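Below you'll find the structures, each written out as structure tokens.
One chain, chain A, appears in both complexes that follow, with chain B as partner in the first and chain C in the second.
Right after this comes the complex of A and B.
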């Protein structure tokens, strides 16, 4: 009897395990309208008139870990009114209000504020822009890739310990996600590393051909190159997390307010440089901000420095060549006079002189 | 081989003949032939004093910090080359490498200050005792140029013997002056890279102290050509890198070969550890210093006297060390 009871309990356990394995835990994504009914299929898509393959699959697991996991599809894709929907012709507008209320807020959430600031910046599309310039200017999605949460480097922030303290009062799940959302922006101005920022900006600004077609002036054409030759660029290239990247100097904490340097609101404008440099160089002063950051020693612009550099190179070659010839001449003559290479107790003049 | 005679010995004031002289007469020792270095016994650890303990410690300061400075500095400068990330990760990342570079630089500056104290204090003490002789120091002389020319002539086979040289020959004086110059440039340029805010202020404030007429000329010429702090910073970037590369190449290829790789020095010369030089080396390259050693060290005098007797060079020629050639 006892054995039968044990067997029965064991079978129940096994059954429960199998039921869990079969039905699984549903991944919690915000899909109230069941868009994933179709979009869950991995090869849903079409080939357009140019023969380009377009995939409409949405990976549920990826999306549920992204920044927008709580936003339902139609909050952004507003032009979809019926099911099955018509072909999508309009781009997503990030300035839309979505049906999410942030904690303690009166209004629904929207990126409108930052988009306004962005539209005024040099990257915003203006009515007077040439068509090729309009086309070349990056939209939101060019830089923002709806990234999956990445944890902050834990050597910098005591992640687990800090989170444990939050959990004293807050419920586990919400606290964890809020904390992740905040901490991956805690380090710097940007959640991207300086290396990623440089890569991102170089994507267009390093392309000299593209920049030329957009009427960019001299200093702008060589900006990436001169940055990489500066100590900021070199330190970042070698993995520094504290050296200045593009955004450190070219945008304020609003991050999207990048202007040309003759614009009054530009962080790199002559009048604002002191505030900008002060972020790292605490003892900045009027003369310090005159120092060239994107320094390029050019024959026409800085003739004195150009020829000084040329002279120094010449001196280097002359010195090295002169000293090495003296050394080889000396070695040849002393060897010929009967000296052996190895120093030994007694004498090193163990050979016969051939002079 | 020349025979021993009155005519072949050094005569006071007659430098042209003295250059080619085979024998040098030393009171109480005898006629020392120029190529006696072929016949002497040497201990690789060193027979004769050359460097004081201070110089040995300073050399340790310089060469240890130099290796660290070169490794971190070159990796930072050549950040786009394939080996740079490996070297940087060895030092613990770019930010740590920059910190290490600064610590090593401060240590080297400390070594330099220590050197300045000894290099000024030592001679002052000797002047006080009346023992100071500038020919035994690193101070450059016209004679060094003659030595260089004559040495090259010897290397080319146009002369029979190497010139008689002092404790520091032309090579060492050149190298020492290069280090003085290089250190000055690297320390001043490096500190303006480390404290750009302060240097930018100092150099513009310094202009304020100049008389007004000078400032006018200054601002019209140099400052117009390139604004002052910006020019200076660019110049410092240029000089720091160029001097560093020059120093590294000269030390890695020339200095290291000269002291440890050329014939008679391979695989290691012990002088930088023991502060002593081998007898054959002293006679070959620092002959005049060796003659001073003879007068200062009785054991050495005795050794040389016996050796000359053995080799049959004991004939007397009336010339003493005081009659050695001097610069005009």
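Right after this comes the complex of A and C.
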């Protein structure tokens, strides 16, 4: 009897321990190793030897809503092997395989495929590049932060209705995230808005000093300026979500395959322009692709266009300011002649002219 | 002979057209004004005009610092959350020379030490007690807020949200724990604030001082400050200097701060090698 009681008590203990082990510790999937023990603090950081302020904070809540929420810290920061860890000097390699297996995939996920395409592109670092060019070329992180899943702001996507149907069968959490993942790719080419794309590319391409040091040709130096003066640039500046941004013309659906226009694979190469323009302009023909997109009307290069444009500007300003001057003169003369100006009973001028 | 019509006897549609034209002109004017002032493009449009009108002296140091700040946003892959800070003129004097990231010497702990600037002022850790007056003057700690003489809280960092397990978001994120000298029941601040006469005077004349004069005056600001701050245990232990309860900390937050896991990691282990259990 005593032995049975002891056995029963022991079984209870084992069961309790088992239950605690199974359900007791809820760990965040992305922070299995408790890196947030230190990195949760908002002011964790330092000024480095070069005078740069570096903040090491990772906000748990934001991270758990971001696209990398299931990737644990050391999947990217592979060189960290101990705690407290040494100063991190190695950059994260986005081509690493992380310990996430996408649905229906046999291998762990990696960005390697797109990085290979990027490395081939004009932005990829080549062995023959000058040191300053190597330094100036953007790495993955320059363009890609860790975005938070937000709703795509496009009326053509019936967000609520479609998601409601997904939730009929799938649980809310997973379905919402999967849905957001897909709807972000339903935009034209990127999940970023055209305005954001222009802003991103302008960060380097508008920096004339930087571009000069990299021996960029004249057309490249003024690329952002000429785009902003183009019909595409103006439409985007006015808030269009459908007008062409940089990526629309300079990359295929692989997004990272940007080449100089004389490269055979460039989407803006003269042999490929028809396909590129056809993405939006269905009736593209040989004449259409001759229209300069980054048009710069220089007096010496295109005198006819320059003076035509100048004439039109002159006509516009002369008409507006000429009319305003006439109105001012007329007003001045009428007042001088003793007429009063008042808003009353339909007409603004009262009294009789002295003349 | 029909009567000559008055000047105001226009048909109604004339007034309607007039009204329409005026409305259109006003709408265009409002649009232009909006474009130049409040629209997202306003800054870009005004920038060249501003550059022509206001001549700004270029500073290589300033430009580099701004470039660093911009690149930090790019370098920082994770989303940076802005935390409210005291405006420059309301910060204690220390921040004139030292930033929010004052520690840089000891690699192992410099970032962790810097983290504390979110929660308290420099003197909280670096307070120097005068040996002569130590007997009758005690150092006590309470919340300091330059905008509020008697901050009541709840203060940021004092309790957890029961649902999320994160620190509760509160209104008062600016108050920091600061030391006060207590003598005969009276409290006097042990920190150097920018509103104090010494600081005001220094700010007025600091550009005209010789390096020697500046160094001499700086010593006055460090009169209650010791170079090496407290060890972890002075605050993070059962018999530490803080009365967490009185400062408004919740029970579980107090327990966590007293037995802080990071402190153990820093003080007990030289290196803790991460196992590959989850790999």
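Here is the rule we go by: the second predicted complex is superposed on the first by the 271 of 355 C-alpha atoms of A that agree within 3 Å, B and C clash if a C-alpha of one lies under 4 Å from a C-alpha of the other, contacts with A are read in each partner's own complex, and residues count from 1 in each chain.
Heads up, the rule we're going with is that contacts are C-beta pairs under 8 Å (C-beta built on N, C-alpha and C of every residue); 3 or more make two chains touch, one makes a residue touch a chain.
As the structure is a computational prediction, the values presented were derived from the model and not from experiment.
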Chain A residues touched by each partner, larger count belonging to chain B or chain C: B
Partner chain(s) touched by A:12 [first = chain B, second = chain C, both, neither]: neither
Chain B versus chain C as contact partner of A:280, first or second or both or neither: neither
Contacts of A:208 with chain B and chain C, given as first, second, both or neither: neither
Touching partner for A:308 - first (chain B), second (chain C), both, neither: first
First, second, both or neither for A:32, with chain B first and chain C second: second
Touched partner set for A:237, first chain B, second chain C, both or neither: both
First, second, both or neither for A:164, with chain B first and chain C second: neither
Touched partner set for A:61, first chain B, second chain C, both or neither: second
Chain B versus chain C as contact partner of A:52, first or second or both or neither: second
Contact residues common to both interfaces of chain A (with chain B and with chain C): 237, 345-347
Interface residues, chain C side, partner chain A - complex: 7-8, 10, 15, 41, 64-65, 68-69, 71-72, 74-81, 83, 99-101, 103-104, 107-112, 114-118, 164, 166, 261-262, 265-266, 269, 271-274, 278-279
Sites on chain A touched by chain B in the complex: 228, 231, 233-243, 281, 283-285, 287-288, 290-292, 295, 297, 302, 304-305, 308-309, 312-313, 315-316, 319-320, 323-324, 326-327, 329-335, 338-349, 355
Chain A-facing residues of chain B, complex: 37-44, 75-77, 79-80, 84-85, 88-89, 93-95, 97-98, 151-152, 154-157, 193, 196-198, 200-201, 203-204, 225-231, 233-235, 237-239, 242, 245-246, 249-250, 253-254, 257-258, 262-269, 278, 280
Chain C-touching residues of chain A, taken from the complex the two chains share: 32-33, 37-38, 41-47, 50-63, 66, 72, 74, 80-84, 86-87, 92, 99, 141-142, 144-146, 148, 237, 345-347
